[in-house]
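Below you'll find the structure, written out as structure tokens, and then a few comments.
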Amino acid sequence: MIEKKDSLAIGEYIKNFARKHSLFVLAYGTGCGAIEIPPTMTSRYDAERFGIRGAATPRQADVLLITGYLATKTLKRVIRVYEQMQDPKYVIGFGSCTINGGMYWDSYNTINSLDKYIPVDVFINGCMPRPEAVISGFVKLQEYIQEGKADGWRKYQNNIEEYRENQKRIIKNWRMPDYNL
Amino acid sequence: MVIADPIYYIVLPLLTAFLLPLFGKLYKPLIGIIPGFVFLFLAYMSVILMIDIRPDNPIITKIAGWTPPFGINLVFSSFSGFIASLISIMGFLIWAYSYKFKKVGFDDSLKYFILLLLVVTGSIGIVLTGDIFNLFVFLEITGISAYALTALYRGRDGAEAAFKFLLIGAFASSMILLAIILLYTQVGTLNMAEISVRMHEVDLKIKVLIFILFFVGFGIEAEMFPLNGWVPDAYSQAPGPIAAVFAGMVAKAGIYALVRIIYLMFDLEGAFHLLLIMGVITMIIAEVVALRQEALRRMLAYSSIGQMGLIMIAFSFNTEQGVFAAIFLMFNHAIIKSLLFLTTSFLVYNTKTKLISDLDGFGKKMPLVSLLFGLGAFAIVGLPPFSGFWSKLYVLIAAANQHMEVIIALILSVSVVEIIYYFKVISRLYFRKASEEIPIQKPSLNSSIVMIVLGLIIISVGVYPDLITGLIENATTSLLNKDLYIEKILPGLAEIIN
Amino acid sequence: MNWSLILGITITIITAFTVGMFYGGISRKVTARIQNRVGPPIWQNFLDVLKLYSKESAIHHGWMQHLGPLWAITASTATLMFVPILNNGQFYQNLNFSGDLIFLMYMMVFGQLGMALGAGQTGNPNSAIGVSRGLSQMVGYKVPWLLALVAIMVQYKATSITGLIELQNQIGWLMFASPFAFIAGLLAFIGMMHYSPFDIVFAPSELASGPPSEFGGKYLGLMMTSGSIFTFAKLVLFVDVFLGGASNILELLLKTFVIYMIPVIYGIVSPRYRTEQSIRYFWGWPTFFGVIGMLYAWYMIS
Amino acid sequence: MMNSLFLLLFILFGSAILSYIGHRISETLGNIIVVVGAFSASIWFFVGFETPAEFSYKIADFDALWSFSSYSWIFAALVSILSPLALLYSTSYMKGKERLGTFYFNFFLSILGMIGITMSQDFISLFIFWEIMTWSSYLIVIYLGKDVEKVGIKYMIFSAIGAYALLMGIVLINREVGSLLIEDAFAYFPQIQFSTQLLIGILLLIGFSIKSAMMPLHVWAPGAYSNSPMSYTAVFSGALSKMGIYGLGLVFIRLLSSGEFTLINEIFAWAGAITTLMATFYAIIQDDAKKLLAYSSIGQLGYIIVGVAIGTELSIMAAIYLAILHAAFKGNLFMAIGAVEKQTGSTDMTLVTGLIRKMPLTFFSTLVSIIALAAVPPLGGFVGKWMLYQSLLASEHFFLIIVIFTASTAAFLYSFKILYSLFLGQEEPEFKNIKEAPLPMLIPMILLSLFLIVTGTFPGILFEPIANGMKYLGFNDVNWNMSLLVNAWGDEVNLQHVSMYIGTIFIVAFIFISLKNRKRTRYVTTKDISTSGEIPLPHENLSFKLNFYKPFERAISPVMKKTMDSIYDEIGNGLNALFQFIRYIYSGNGQGYALYVIIFFVLLLLLKNQIFGL
């Protein structure tokens, strides 16, 4: 498998610097939280200052932003989108729903904690978090990237069986080819 | 060469025609065989005669020893001889094609061969005779036997066609007779040569009247518009070989007579103009009408009318090239159109309705016949390397040297129409799936051989036209200098009169 | 082996890349300022490309997609090679004496064709739609562009750019010498830069960024590189033809920047055309000016 | 005597007959005969003529002369290179069809016709060979029996019109010059009075330009090209249409050499340009690959007509170069499409898709030919276009260059469409087990592709014979370089630099992108695309094919309203109505006919003064 790299190597530093300052976000607007993305991106809070910009397709994206609760149906799509992204890739869980199910904690068709199904690098809590919180979450992600600690994608590759197990437990009709391994 | 004498052209077929019933009483198959020998002899004789015939030594036969202008005489010049041999050879081929013609029962075959012999006699007589009244007589022989042949099937349509033919033919004979009478009152002789010498004595108005009578009369035989109402019915109702006879012999005899009259007897400038105009009209209307025909044989009939129009145009130029082209056209048209009619009779016989639309996929069913039909079609629309191309080319060259660009354009645009309807048929024959399987009557061996021979003639003349051009040049010269003709028939008469 | 030539080529490419990247960043900055935002730093595009190159995985749907970006960068650098960067530049003179305008016009579509093939193989409907739009629009803006260039070629009897530059050193800039051709060329140039309202090819909100929508990682990085080089090449070409080229690098930067800002600022304040609207637009006024320019040229030579 | 020219025709005709017989016996034998005959003929053509052979004879007292002029040699070489390849291809393409004997018989006959046209130095044999070529090609066009009435008859009508215009011109030349030798015609033509010169010129031009599908006379071409078997269409569009170009060259440069005919040149140049533009537009909106290629051939021929009609040294050179190249790439394209048709059974671009990984070599040859067609450097098409534009610039045809340049830009649209729709895009399960085309079909395509690639960098290979040929046309000192293009004003394009640079950069970038994290670069199927998380099922076709250029169609819709076809159809209907009316003259009523006779007689009597001038 992939050996742990020495994060002090200069090349790695430059790479991380670049990754950190250019985050192409694929905002997966599932729940109500999606409404917070436009103000984050536009003039009021201008996330582009940090090099954050929207990406059109998962092929180009670095960050998968899950805004809100995930129904089991939606989870399938999210997994597929995540697997279509190119490494290194990061996931930001947005709002309480992604952490513990939030107000849908006992719903029959939503998942409670996103982390069991795809590796989340940064959670932003709140129901729902304001743009300031979102931006601070991104900044946190940038710090992690710089330090090389945002390695959810490696974790996903290493423990793929475990993740698949969890995913298949939720998704009954599993009709997905195995991607990105 | 004692046996080779033009008189046999007339005597033999005539006698045979009258004696044929007796032979039939003796031994029935003779009915089919005897005419064959006659035709064979005629063909052989014409070959022998044509070998050493030149424009300056026509063979002149005086019937019953009376010298012209008092007696009847047959003139076998290069021109008349060429047409006569053409007719006799065609006669032999058509006999060979049809002496076991399935569709004709026995007693019919007796009539059939008698009438065939008579038609040949008449047409050759028209061509060979040097006497105007005699020409009329032969015309009547041809006409009457042609009417009878048209109605040979005794069908309702056949009878109707024959009646139309008869009606219009009657006009022809009466007008020609009237013309002959007027002419006799004017010049007091019936010998064509002498007439042509004495013609300048005739008053112009009467001359024109006589010419118009002749023109209309022979125009009917020569299928000139609008006198050709009989043609489509006659061609489409008569038995297949008979249509070929009409195209190859009767029409040729008619146009021959017309040309003979115009070139030999009347030195009218307007005559050529009239011929040109009528030729153009005939050609255009006939081809255009042929485009809209559904029945195959009617289409062919109209197309042969168009060809006759083309021949008239070529004759009307009154130049050497024009006459050359015209004679070449007559030859080609006789061969090709006969081939087309002979093949068509098989094609049509195997379709229930006689329409073009029934011919789908015959290329598979009857490969030989379809191939030969296609060959004939290619030849008649004038595609190289087939014989039709050369005659068309010569017509165009003649027209060009007359500075008649418009005529060229007309001829060519009409040829486009021709191409359209012939290629419709070809594409149906070969490139359509057969509609339903009906039992096919294959052509018998002799018919196939005849058709193949015709096809070979077409191809060989097309690839190497010099086979035939020599004869045609002789014919041209012998038609064009009439003084030589007169001199040969009536030595010294011209000096006596002038 | 001509080392100085190879060195020159390398430096030219690097210059073009840098300048193109900075221009892109500047345009983003300007956009942000006009929208009353702070906007990214002007070196943002460098970071993006660097990030894309530092991606660790990549996917492709077959050889054509693998070759598409190569094709693009080959074409863009080749275009750059045959455009004289500086007038007197012994240094930047690469191969520009062995190419002329007509050659360049064909060279410029070479890359687009390659990109289109690459995008075609991904099998993504959005890519195909983007390509169809792009090619259609190309036919649109080629007409006034051609009219402008042909007017100049026939008026000054030269098809090589170096010849045109030498000529402009004597008679002054062509944008004043033959103004109508300049107008037509400029309007066509705006379309050529694919900024709004002519950004129907990449239209992010409709087409998911169109042709490149299946390209990620190194492929996207290579495409962005070639895009920046191509931008610079086009700018230099325009400056050479109409603004008399540039004698030193600063002048070149100044002129190209001015020309570059026109489509950018025009784009920020205008919405997006539909494809047939854009084509009809180019066949409208720009073509009219082109025809006027052509007639003017005709009048001048006869 | 067995003249070498005569022998060439003899070989062709013999192989026609033999292949017919052979195919009657067994298909394999027939195919062997076909291939051997074709290749021996072309080998004899290239090897057997060390000395300029001549064969003169008289047919029906016309002088006829066969020999290759250096100009006609080019076209003969074109035919004898392309036709054996097409026949080799055909042996595999036509496998299992019926009536193969007829097909190959006509195929050889049309080759014979083309060779004959190029070798005949007198109008009469030229016309004979022309007609042989025409009717044999007609028989092949309707060979498959697809809408014979419409396409076949249309082709035959237009060919007949062209041929008869030619014939009329020939006859008039015979009258004016008194000989049918082409050289005599050139020599004595200027003495003819001007109006006749004009008439003859126009007639000959019409006759020749119909075969090369010029705009108002082009309507036969799309159907004819797309209906005949592709193996023949390769020759039909590649070589047979060039016969028209050959004739146009003769007429424009040699016959109408005196300066009074510039108007005709202008008219034909514009007609060619309009042809190019409109044909390109029609090609863009086609959905059948055959039809698309047919229209694109018409368009390409338009360029060549422009080049010939302008008539300057450079433009003629460009025209001949483009003619040769068009033969190569369009033959190649038709063969490739034929291969696709053979393997998948359809050329409908909305159905066939994603064949690139199934038929890579076919895709390669298609790609090369498309690049050559679209005139993208560094392949050969660019060279021809460049020379054409330069000649137009130098001869001050400003708006002409705009029109054809726009057309060549629009050509990118259909070029991409044909590549994308057939080979790229989604790979559908129904085409899962398509195999690459068999070897006899591949070899010709590969050879032609290599030819295109080489001529792109070293056009001089072709310039040499072209320069010889132009001596015959009267351009004595044509200067050409092996791989350097120079225009009238001394501006140049160095093709070696171009291709060297492109090659280098391409290789460098290729190495870079292929080596960069090679381990983690993977191939994924075309079903794995970003469809906002949805998973496309195997039967869901996601490729975008139908109305591919709808916006462009909307943009150009005003000029596409009235097609030439509809106009001709209206004319045809009108004529049909007229003929139907005339047909009723023959009412079938005996009394009516009798009445005609009377009326005619009376009319003659009434008009006798006018007719006989009494």
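The chains carry the letters A, B, C and D, assigned in the order they are written, with residues numbered from 1 in each.
Here, a residue touches a chain if its C-beta (ideal position, glycine included) is under 8 Å from a C-beta of that chain, and two chains touch if they have at least 3 such contacts.
Every value quoted in this text rests on a predicted model; they were computed, and no experiment measured them.
Undergrad: Indicate, using Cα centroids, the chain positioned nearest the centre of all protein chains shown.
TA: D
Undergrad: Quick one: chain A and chain C, Cα centre-to-centre, how many Å?
TA: 36
Undergrad: Go ahead and note the Å separation of the Cα centroids belonging to chain A and chain B.
TA: The computed centroid separation for chain A versus chain B comes out at 99 Å.
Undergrad: Could you work out how far the Cα centre of chain A sits from that of chain D, in whole Å?
TA: 59
Undergrad: Counting only residues that touch at least two other chains, what does the list for chain C look like?
TA: Only 55-59, 208, 213-214 qualify.
Undergrad: Quick check on chain A: which residues sit in contact with 2+ other chains?
TA: 57-59, 87
Undergrad: So which bits of chain D are touching at least two other chains?
TA: Each of 520, 524, 528, 530 in chain D touches at least two other chains.
Undergrad: Could you draw the chains as nodes, link the ones that touch, and say if you get a line, ring, star, complete or other?
TA: Looks like something else, not a line, ring, star or complete graph.
Undergrad: Which stretch or stretches of chain D touch chain A in the complex?
TA: The touching residues are 520, 524, 528, 530, 532-535.
Undergrad: Going by the contact rule set out above, which residues of chain C touch chain A in the complex?
TA: Those residues of chain C that touch chain A are 28, 32, 35-41, 44, 47-48, 50-51, 54-59, 204, 207-209, 212-217, 220.
Undergrad: Enumerate the contact residues on chain A facing chain D in the complex.
TA: Touching chain D: residues 57-59, 76-78, 80-81, 84, 87, 175-177, 179 of chain A.
Undergrad: Please output the residues of chain D touching chain C within their complex, sorted ascending.
TA: Residues of chain D touching chain C: 354, 356-357, 367, 371, 374-377, 382, 385-386, 389-390, 393, 396, 398-399, 401-402, 405-406, 409-410, 412-413, 415-416, 419-420, 424-427, 487, 489, 491-494, 497-498, 501-502, 505-506, 509-510, 513-514, 516-517, 520-530, 542-544, 548-549, 551-552, 554-555.
Undergrad: Can you check the complex and tell me which residues of chain D touch chain B?
TA: For this pair, the touching residues of chain D are 59-61, 124, 127-128, 131-132, 135, 138, 142-143, 145, 148-149, 152-153, 156-157, 160-161, 164-165, 167-168, 171-172, 174-175, 199, 576, 579-580, 582-583, 585-586, 588, 590-594, 596-597, 599-601, 604-605, 608, 611-614.
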